[in-house]
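Some structures to go through are shown next.
Two complexes follow with subunit A in common, the first pairing it with subunit B and the second with subunit C.
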Partner chain A sequence: MLFFINFDTQRVTLDNLIREFIFLLNMSGAGTGYDLSSTTYNPEGKVYQVEYAMKAAESGGSIIGLKCKDGIVIGGERNVLSKMLVQHSNKCIFGITKNIGAVVTGVIPDGKAVISRARQEATQYAEFYGKDIGSTVLADRVAQYMYLFTLYGGLRPFGCSIIMAGIDDGTPKLFLIEPSGAYFEYFACASGKGNQVCKTEIDKLNLSELTCREAVYHIHKMLVKSREEGQEKRYEVDISWMNSETNFFLVPVPVEFKDEMERKAKDDIESEERGD
Partner chain B sequence: MALNHTVDPIIVGASVIAIKYADGILMCTDTLASFGSMARYKNIPRMAAIGNSTLIGASGEYSDFQEIIRLLREKEQEDFIQHDNISLSAAHYASYLSSILYGKRNKGNPLYNSVAIAGIINGQQYLAYLDLYGTHVLADYVTTGFAAHLCKPLLGNDWRPDLTESEAKQLVEGCMRTLWYRDARASNRIQFAKVTREGITFEDPYVLQSEWGYDSYKTYSLNPLYA
Partner chain C sequence: MENFAIEPAPSDLSKAGIYLNPDVNGMGQERMGTSIMAAIFNGGVIFGADTRTTMGAYVASRISDKIECIHEKIFCCRTGVSAHTQALARYVRYYLSQHVLNEGKLPLVLTAARLLQELLYQNKAFLEGGFIVGGWDPVNGSQLYEVALGGTLVSQRYALMGSGSTYIYGYCDAEFREGMSQEECTKFIKKGLALAMARDGGSGGCERLLVVTPETVTREYVPQEEFPYNLR
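After this line comes the complex of A and B, so read on.
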């Protein structure tokens, strides 16, 4: 067996002792056996497979959710991998019920699997209780589902983060669910590659006075700012909202309005930069 | 075969009438659900909207009607969350429902209803009749239950494709009055709903005018049938 060190035949030399010492020092590092499955903690008390899943989630396009005065807006950007892809296809926002939806970042097929589970939960709940599921309950169930995948050796944690938005009895709700299964309720949140930039931008907003229409502009602005400089990548931005205008159903923001806000956001950023 | 309670309806609604007219489709039911011959629930709706352009009305077992509504609304949500600005039409729902009805009939466990499904598809009126056997037919006017016996001839005489809304309403109200007089399971509390290009509108239920004061009604011996 090539991969096993046979300790019996290893001589106790200074050289070997030093090697052993260095091994012990680094024993919590990657490739030391603690990251082979999510059933094992490393000596620091973390589960590497979960940490890696977080990394996978953070490497996807930025996603943002904003709770506004008059409703709720979620949005995300995704890389357009080829010129030949049909425009507006492969959206990263998914409906779950008529007034709950989610935007996904990270490994998209993982996200789709979670969304499909969320839809199942929602229909099952409606069938059982004769009442639509609330987003608080749904977020909890989806988080539990994702958490399950961090517990078994034969499973791989989901490499995706999910921002879920819904309206429970007229109250807007916003949740961010992470690969670890942890989920929190937010006024505003961001995940994906540019989440740091987005979060600092969110801090500058007055969320209690922000309207959904303004939020569309700000989401575009944050997404442009969070993009890495000098990269000529193609992006598409999806934004959906829920407010009285949409009967409190989650629907995509009208394309003309979205494009107008994108142009405005880009122009404003350009003039800000010229002003500096 | 084992005793099968699903072919023994319990809470039942009577007739549904739906007719095409110039601008859309008019549907009417009474608001009664009977328990045997007892007028058990006098103010329940027997029509429902599925999405923005499909109207469904049913006679027969009320719980089965509720199940049908649940199934169609589930489909409607499934379609809505695609966010693609394309929605299922009345024809899609009718076809889906007829498959369910036929499938369940073949298992000897039918949904005990006669159903009218109405909608506007590409500006055209669509009206279908479905029943517990899985029958699926399109028609200019649909009558279920006792109305199929008492009102089909009336509609056959007076229905025209270019009826105005008020003419259509008058015609259907006449049918409902006939049912109220002659069908012991019918109620005089009726409700209209319509599908037009603008969408679905439900009207408030109201009580039909009727006349029971004729001498032959009051005095048995004056009734020519029994004289």
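After this line comes the complex of A and C, so read on.
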């Protein structure tokens, strides 16, 4: 578009080309002043602070949510930053009510702030209306809260994406909430660094027939596949589920079963790579 | 409780020589010396109320309606200062309509009762009113709650309130049964209210009934001639 306008009305001189180059460079955002505040649009009509927040969210560990035949499973991975770190001290799955939980990626402290707000909303709701909040309503409220942080000059948007899972009157629900405040309900969703790989893997699954136990295996498989090749960072995987086995409470998957599925997933991927 | 420092507006009443003393609690305000009751039968809930509204000794209305709609299948009976209870019912109706828009499904009866309780409790220094809240919801079926003066919430099978209720506790204890038919329950309430109105000076006029079932809501009006009991 820009090119055409220049081509039609101006002669292509070195001077014009340089000007064009600088203009295009500026469109990337940095240094133009359009990205200093979330109250400023860029000429395309986007808010750069929100775009940056999305990027921050996409740079965290992969997280996955799967709605299964018999319940719902959420999982996520996070790098172990140091060998001195106590195991399981940096979780990415958080309980909100007894049957609503969330897994976060991106800037984890941002995620924690949102989770604590979600817990507050949930308890306030129960106190006020005399019944537990539904995950549909809670997802909406959390999304509104995150949206508010894209509106004010003194605030920055949350650098985290959140997959919220819950059971509303016996029906499993799954939501992905983004830093922009946009949220959608999914059968299955992924976010974080390896979300593309995860999504292509999810496409191969038959979700209407998948059981929670199978889903744990598939989540492990997706997480291993989505890690970059040759990267030997240590990492931990959190997986929690809600199904009839757990009385539809959000509960971490039993460790032995989780480890078994992890081993199986890794073995299968290895043998796939060897080509047998 | 503090008295309400409300000056009565110079009205036709004072011109007519009826003096309303604001220092005496309740005088100068429309209030309902009331007989209200409700009971659960095998297919839903029946509410009943008298129709008298008083200002002190003056009968301000002989045909008032003390059974109010909160939502499609949720209703309440009001007792106490008319202005207070009408305002409270209006607030709960408003909150509940917002709540329903958020949820996209029918509200719980308990939610309505809980909202009333919250309003009564938070403003207990200013409000004088009590409610019987009841109706039907898809989750918990037919229910009845008593929300009393300071914000007490009690779940009941049958509930009585208002000044007239004191005269008929014995009658209700003796006559109420679980799982009555609609006719039996209607009879039970009609007679209870008639007995209360016969003894209580604050209650009177006619009877209004309202039946809530999962499918329908029907009202009934009972004129004095048709009362099953009258003091003569």
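Definition applied: the second predicted complex is superposed on the first by the 247 of 276 C-alpha atoms of A that agree within 3 Å, B and C clash if a C-alpha of one lies under 4 Å from a C-alpha of the other, contacts with A are read in each partner's own complex, and residues count from 1 in each chain.
Assume contacts are C-beta pairs under 8 Å (C-beta built on N, C-alpha and C of every residue); 3 or more make two chains touch, one makes a residue touch a chain.
This is a predicted model, so every value here is computed, not measured.
Novice: On subunit A, do subunit B and subunit C fit together or clash when superposed?
Specialist: Pair status: fit.
Novice: Which of the two partners, first being subunit B and second being subunit C, lies in contact with A:137: first, second, both, or neither?
Specialist: A:137 contacts subunit C only, not subunit B.
Novice: For A:96, decide between first (touching subunit B), second (touching subunit C), both and neither.
Specialist: The answer is first: A:96 touches subunit B but not subunit C.
Novice: Look at A:252 in the shared chain and tell me whether it touches subunit B only, subunit C only, both, or neither; answer first, second, both or neither.
Specialist: first
Novice: Once the shared chain is lined up, is A:129 touching subunit B (first), subunit C (second), both, or neither of them?
Specialist: Second partner only.
Novice: Going by the contact rule set out at the top, does A:240 touch subunit B (first), subunit C (second), both, or neither?
Specialist: After superposing on A, A:240 lies in contact with subunit B but is clear of subunit C.
Novice: Have a look and say if subunit B or subunit C is in touch with more residues of subunit A.
Specialist: B
Novice: With the two complexes overlaid on chain A, what is the closest approach of subunit B to subunit C, counting only CA atoms, in Å?
Specialist: Shortest inter-chain C-alpha distance (subunit B to subunit C): 5 Å.
Novice: Touching residues of subunit A toward subunit B in the complex: what are they?
Specialist: Those residues of subunit A that touch subunit B are 91, 93-98, 101, 119, 123, 126-127, 240, 249-252.
Novice: Across the complex, what residues on subunit B touch subunit A?
Specialist: Residues 70, 74, 77, 80-83.
Novice: Using the touch rule from the top, collect the residues of subunit A that touch subunit C in their complex.
Specialist: 128-131, 134, 136-137, 140, 169
Novice: Can you check the complex and tell me which residues of subunit C touch subunit A?
Specialist: 99, 102-104, 108, 110-111, 113-115, 118, 139
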